[in-house]
Amino acid sequence: MTPYSTRRSKLIAQMQAMGGGVAIVSTAPEAARNADSDFLYRHDSSFYYLSGFTEPDAVIVLVAGKDPKAVLFCREKNLEREIWDGFRFGPDAAREQLGFDAAYAIDAIDEEMPKLLADAPAIFYALGKQAKRDAQLQGWLDKLGGQARVGISAPSTIHSLDPLLAEMRLFKDAGEHAIMQRSGQIAAGAHCRAMRMARPGLREYHLEAEILHEFRSNGAESPAYTSIVATGANACVLHYRAGNTELKDGDLVLIDAGCEFESYASDITRTFPANGVFSGPQKTLYEIVLAAQHAAIAATRPGQRFIDGHNAALRVLAQGMLDTGLLDKNKTGTLDDVIANGDYRQFYMHSTGHWIGLDVHDVGAYREKNGEPGEAAPEGQQKPWRKLQPGMVTTVEPGIYVRPAEGVPEQYWNIGIRIEDDILVTADGNLNLTSDVPTAVAEIEALMRK
Amino acid sequence: MTPYSTRRSKLIAQMQAMGGGVAIVSTAPEAARNADSDFLYRHDSSFYYLSGFTEPDAVIVLVAGKDPKAVLFCREKNLEREIWDGFRFGPDAAREQLGFDAAYAIDAIDEEMPKLLADAPAIFYALGKQAKRDAQLQGWLDKLGGQARVGISAPSTIHSLDPLLAEMRLFKDAGEHAIMQRSGQIAAGAHCRAMRMARPGLREYHLEAEILHEFRSNGAESPAYTSIVATGANACVLHYRAGNTELKDGDLVLIDAGCEFESYASDITRTFPANGVFSGPQKTLYEIVLAAQHAAIAATRPGQRFIDGHNAALRVLAQGMLDTGLLDKNKTGTLDDVIANGDYRQFYMHSTGHWIGLDVHDVGAYREKNGEPGEAAPEGQQKPWRKLQPGMVTTVEPGIYVRPAEGVPEQYWNIGIRIEDDILVTADGNLNLTSDVPTAVAEIEALMRK
Amino acid sequence: MTPYSTRRSKLIAQMQAMGGGVAIVSTAPEAARNADSDFLYRHDSSFYYLSGFTEPDAVIVLVAGKDPKAVLFCREKNLEREIWDGFRFGPDAAREQLGFDAAYAIDAIDEEMPKLLADAPAIFYALGKQAKRDAQLQGWLDKLGGQARVGISAPSTIHSLDPLLAEMRLFKDAGEHAIMQRSGQIAAGAHCRAMRMARPGLREYHLEAEILHEFRSNGAESPAYTSIVATGANACVLHYRAGNTELKDGDLVLIDAGCEFESYASDITRTFPANGVFSGPQKTLYEIVLAAQHAAIAATRPGQRFIDGHNAALRVLAQGMLDTGLLDKNKTGTLDDVIANGDYRQFYMHSTGHWIGLDVHDVGAYREKNGEPGEAAPEGQQKPWRKLQPGMVTTVEPGIYVRPAEGVPEQYWNIGIRIEDDILVTADGNLNLTSDVPTAVAEIEALMRK
Amino acid sequence: MTPYSTRRSKLIAQMQAMGGGVAIVSTAPEAARNADSDFLYRHDSSFYYLSGFTEPDAVIVLVAGKDPKAVLFCREKNLEREIWDGFRFGPDAAREQLGFDAAYAIDAIDEEMPKLLADAPAIFYALGKQAKRDAQLQGWLDKLGGQARVGISAPSTIHSLDPLLAEMRLFKDAGEHAIMQRSGQIAAGAHCRAMRMARPGLREYHLEAEILHEFRSNGAESPAYTSIVATGANACVLHYRAGNTELKDGDLVLIDAGCEFESYASDITRTFPANGVFSGPQKTLYEIVLAAQHAAIAATRPGQRFIDGHNAALRVLAQGMLDTGLLDKNKTGTLDDVIANGDYRQFYMHSTGHWIGLDVHDVGAYREKNGEPGEAAPEGQQKPWRKLQPGMVTTVEPGIYVRPAEGVPEQYWNIGIRIEDDILVTADGNLNLTSDVPTAVAEIEALMRK
């Protein structure tokens, strides 16, 4: 049993518990870049989670009936096309290697699907994601609908597959821990290289080049997301990418970059001085963010709610804003006032973490489904934040971003700082998967001296 | 309580039993005829069944939650538009008159629906019927999906509403019996008029004109379907409409016409001689079809299966085909052989009945959902035909159509006969809703002499 | 040469003058009414204009190249389907009977069209009318686009076919005059019948029934549009249809009804007293409208502009409003003031005519394309109204509609009057195609006495 | 005048010559990678060619009327969104910096476009490229169509903009030469680095990492296409990407990689021995391919047809196949026979070049539009290949790929070789833009020794 077939069986069991039916999971379409040139293909994460299969034009069908089975549709073997486009498994080899019960050419899907769906009570599917697939599904259902008089019935219920898959994917297994650990190590190595390489006069893209090289030469397929390399004021633009701004003596550099290794993302942010030594004000703010991150990581353990890390970070950050004069006590009041009124949002406007896994912003509910018995109903419609459990992986990424503004001490202007690590919740606490790149001021400065 | 609100409550109760959720039922779109001219608007039958409302651009939403409610979206009141297009209820008057709990302008649907759908466990909806509405629904779900982080969840299941509505609509209540009775009487009157009016030299459209006049002057909104008036060989074309063929002395005329009265269809077919007297061969075949109809109607009673009427008619028809030499015993064998081999299909190629109600081919399953305990599983995937129960209304419409062909006695060539009535299944048998127009040869000839 | 092939040749000649190319004209799709029941099929008017062909699923292709040709795609011959759905020409018979150079099964269109379009400089087509056909066209163009490297080019221009067809259809030929004359006569007969039949106590639908009967029994296929039979206040709703309001002694009845005969529309409105005698106030307003219609018809002759009839009617109507006190001179001022300020719109809010032909609101530009040399440019972007020319057919339909309102003499409340005829512009004036139903008060009252 | 505004003026002049109208050019949509993570945004090449603008959600409108103007729609200025997503020009700054006559927020496009299109005789547009934009255009036209009665007309012709833009983009100006030269130099540098770095034991992705680093650290935005790094048998798969196959002593490595610099592509292929020294059979085949490339480049000069380079390469390659026994003279006959019969396709199945520019497979017709006067019409529908002219840039990329097969000398099995450069046609011959990386055996071996 591969992990993929284990997951398929687990999903089928859940479908059975909901009355049975047929799940349909398509991989991602190819995406055009310019003219006839495509972006490097990336499979759909849930499709991959259930198959380990990376070719485009493929669909998984899981039949949860008396006789459960897993079926794969994929590109048919075609030696002529393979000379041009590269190797394809083809249905036969794919079935055998990936442990499916049956496999068909994708071109046969309109013929085979109505048979697989006939008399099934329900379909498990993600409507509205791929218009082409939605239209096909409607065609299959129409075909079955037309057979009512001969006693064949079409599924009368469509369950969203997303919540089931999200809940499964949220809890990473041992194999996934190992891959994510490696993904984190490669990304950490890239950050170390960029720090060592950095010096005034270089441009942002020079550091991005280092990162790309480190990722790919360690076998990562790609960055997990467009890398951010932002120097000076650019660091205050949250989703800035690497441009060609020159690193200036006295400026900070913020790098937010992670790789995709065996389809799993890492996501690291570090902020460091272009010249290797933090200035006073930089250090002041940096230490606040670092303390906030420590507080948040400490709250990232079983039994804590997802939001607790954010709240812990928030108190440290807000206190720091008051202490440094970023916020004026006379205007904002106490720490509790700042938290309650949201005044901190001028300098910290994002949340402190997100699930990470096959997608960098990974699937998984952040809230309890129905609250908990005995708990007070939250205000409005909000359900309680869910509790952390072993196997979850979340980023922890507080920051402070100071845009020039009246009343803000000028020494902090244009400083943007974020520190981000990927944290696995374990039975007795947590494990930092990206600790191979330092965060302490002294360690960063030491590394940059090398 | 109007029958409409009773039905809404009944549907909500069924939705509750399935776990609750929100039903969305749109009425039909307007249909363009030519240039800017529309066909006379016809509402959707299920929408009307739940509301009695006949304006276009309207949607019913039924919320089956802790606090069930029925909501209507409709065209807003607009005196300026009403000068041009006629009276509109508008949300306020519609809510009050039709007994809804709330009503909104249809233009507010994108704003209101996400609120109505928030946190609902399921949607009850007919996917794939109206592309525009499907796209809207996807938009509402996407909007809710984006609110997951604040704890609002989108419905994760879509149940087809069709089976629930079909099962409800299949069983007509007393009010519906009365309307369908009246619909049948009007249609019967029109057939009588056409018979009395008929004579050689007229054209098919003259008889259609009589029918249209009788329908409309009795307050029927429209024919329930395009009327068939077919003389001579035209009668062997099943869905021929009224053309301009001249009625010839010695030819038969087949009229299949029913009206729509208070939105309910009638569906009657009669066949009679243009000159008022059946010829010998015409009478021979006619009597066979009539006997088949009698046999089928006799089998249309509680406890019989839907198919039993068809089978009864089939034996009479097939025996008649053998007796008259339409089928050659030497080639086809016995009656049982003819039935088993389907040789009768040369002269009788359609089924003997269909549900009738708001739609002329009305909704309702013809098969048992899951068979019955103890019964042998049917061959292949076919489930057993369902049993008739009081309140169902079906047509009974056997026929014989003789196209010229080698081996077929020439005296029967181009004769096409069908006799159709609308039969309500009652507690102890059935009631013919369309008996006001005669079927017996002598009665028809007597009527035509007047 | 049939008129259809003459028109095709004429259109091809115009296409040649624009550089040549390929015209594609689809007939209308079938329109669903309820469940599996369709509305009575109506072909597209321009498609019919070029072919005389009335089956659905058909496309005309005109190739204006060195070797011009006319191609028809239509349903293929299928005896099995014809037993169910009725006679089909099939490509071979259609080609021969309708004078096309080639004909193919509609199912072959995706195979044949790229060949017909290859290397054509332009396509003449009505984009945005039928989404399915638009998508097909895109597919054909994409297929050709993919052959650029082997030297086949796709058309690089799409001309709207509508202006060319509209200009042709605007000028009716002798054959069309005869058909429209007959269409007008049938409709006039129906109006006469309704007048004779009318009496207090009947309902609106009784009169509609008379009209339907007269239309159909004279061979008209259908009403040209949903008939309006409006009594009492209903007459002030412009597009009211026939309902079940009872005709009351002392009320007027307004009937706006025309038939479709051999695909050409007539469009007549008459207003008459339910009891056969106009009351004083009714007669007063009626005579104003009638005088307005006479003035407008007088202005409907070659050399006059399209708007002149409207303007002539307007002056009569507005003067009448002032004379009767509908408008208060003290408030509105002179006739010229009323015209300039639009105060008449309270009682006359529509325009006085529209082209009529295959469509009741027929195609054809109402404005000059580019104005005329020497003429002052119109204010804003408005181009001058076009001049009437022999062969054009327009309705002339002034009216007065008095809704209850403060300051309006109560004796006129709820009176709605419209008088409409179909006027053919001739070389030396015009011809009223619908004059067989009277408009004069005395003649109407005489007819109703019979 | 920027080159962009010069191009806009030139395009407007061509539109004027075709009767005038309005051109609409949209940039590319953003492309989703996985979950909420997008691929790095790439603008549309033609849009960029006319504007130099690189933000998404932008549309250029060129009005070629009496008063020509260039209008830009783009994202509106929004400081809040810019904190998250980065800098936006906004309409005002974009208009000024890019020299447009007017600029509007993209959200205003549905309001502004009907005004810009009113009364225009034609639209210049690329139908069928972006469904969303097509639907919008239809909406604008519908809106105008509804204003016919007030004298505003909708454009009645749609010209494809592609042929005009393709013809412009095919001829690169001096500024483009300089950028493409730099793009070629950067790519050449990357190939040199990969050669120097290569040694047995490394994997394909190590070399890809070198290339990525060299591209980015020289300021290239991205690879122009997914880099191919193929060792051993992988080189016989034409579009293989870099995988993790180990470079083996004795194997060749084929790298096909180019960068995108200031939006312009380079495209280089080199093939070299993993261990730094070509083996005998490798060298034999390599020298054939290199001679073929020399022959093809010699034919890449003004007056030659596009196909001449391919034909020149083909003769060298085919002769080499005969000389080496890849093809068996006894079976295939003479060189001319091999060419005529296409036997060479077993080892050389692609064409020898393609236009290159903003797109790696750049726009531009490969055939004469209408042949030339006096020339014999080509067989079938094929038009003559067009003649090369100064300013065109094409790749020249012959190859030989030997898959194991019976009758093929085993020493050549699994050898795949391609040599590709980017050649600018100049007034008196050509210029190799990618000559900074050697192709001669001795030079490659020397470089790899360093």
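Letters A, B, C and D mark the chains in the order given here, with residues in each chain numbered from 1 onward.
Here is the rule we go by: a contact is a pair of C-beta atoms (placed from the backbone, for glycine too) under 8 Å apart; a residue touches a chain by one contact, two chains touch by 3 or more.
Small disclaimer: the values here were computed from a predicted structure and weren't measured.
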**Prompt:** Can you name the chains that touch chain A as well as chain B?
**Reply:** none
**Item:** Centre distance in Å when chain A and chain C are each reduced to the mean of their C-alpha atoms
**Value:** 60
**Message:** Using mean CA coordinates as chain centres, what's the gap between chain C and chain D in Å?
**Reply:** 53
**Inter-centroid spacing, chain D versus chain A (mean Cα positions, whole Å)** = 33
**Complete:** Multi-chain touching residues of chain C, meaning two or more other chains, are none
**Prompt:** Where do chains touch, given as pairs?
**Reply:** A-B, A-D, B-C, C-D
**Message:** Give the list of chain D residues in touch with chain A in this complex.
**Reply:** 28, 31-40, 42, 44-45, 82-87, 203, 205-206, 208-210, 212-217, 219, 224-226, 236-241, 244, 349, 358-363, 401, 403
**Request:** Report the residues of chain A in contact with chain B in the complex, numbered from low to high.
**Result:** 118-119, 127-128, 138, 141-142, 148-154, 156-160, 162-163, 365-367, 369, 378, 381-384
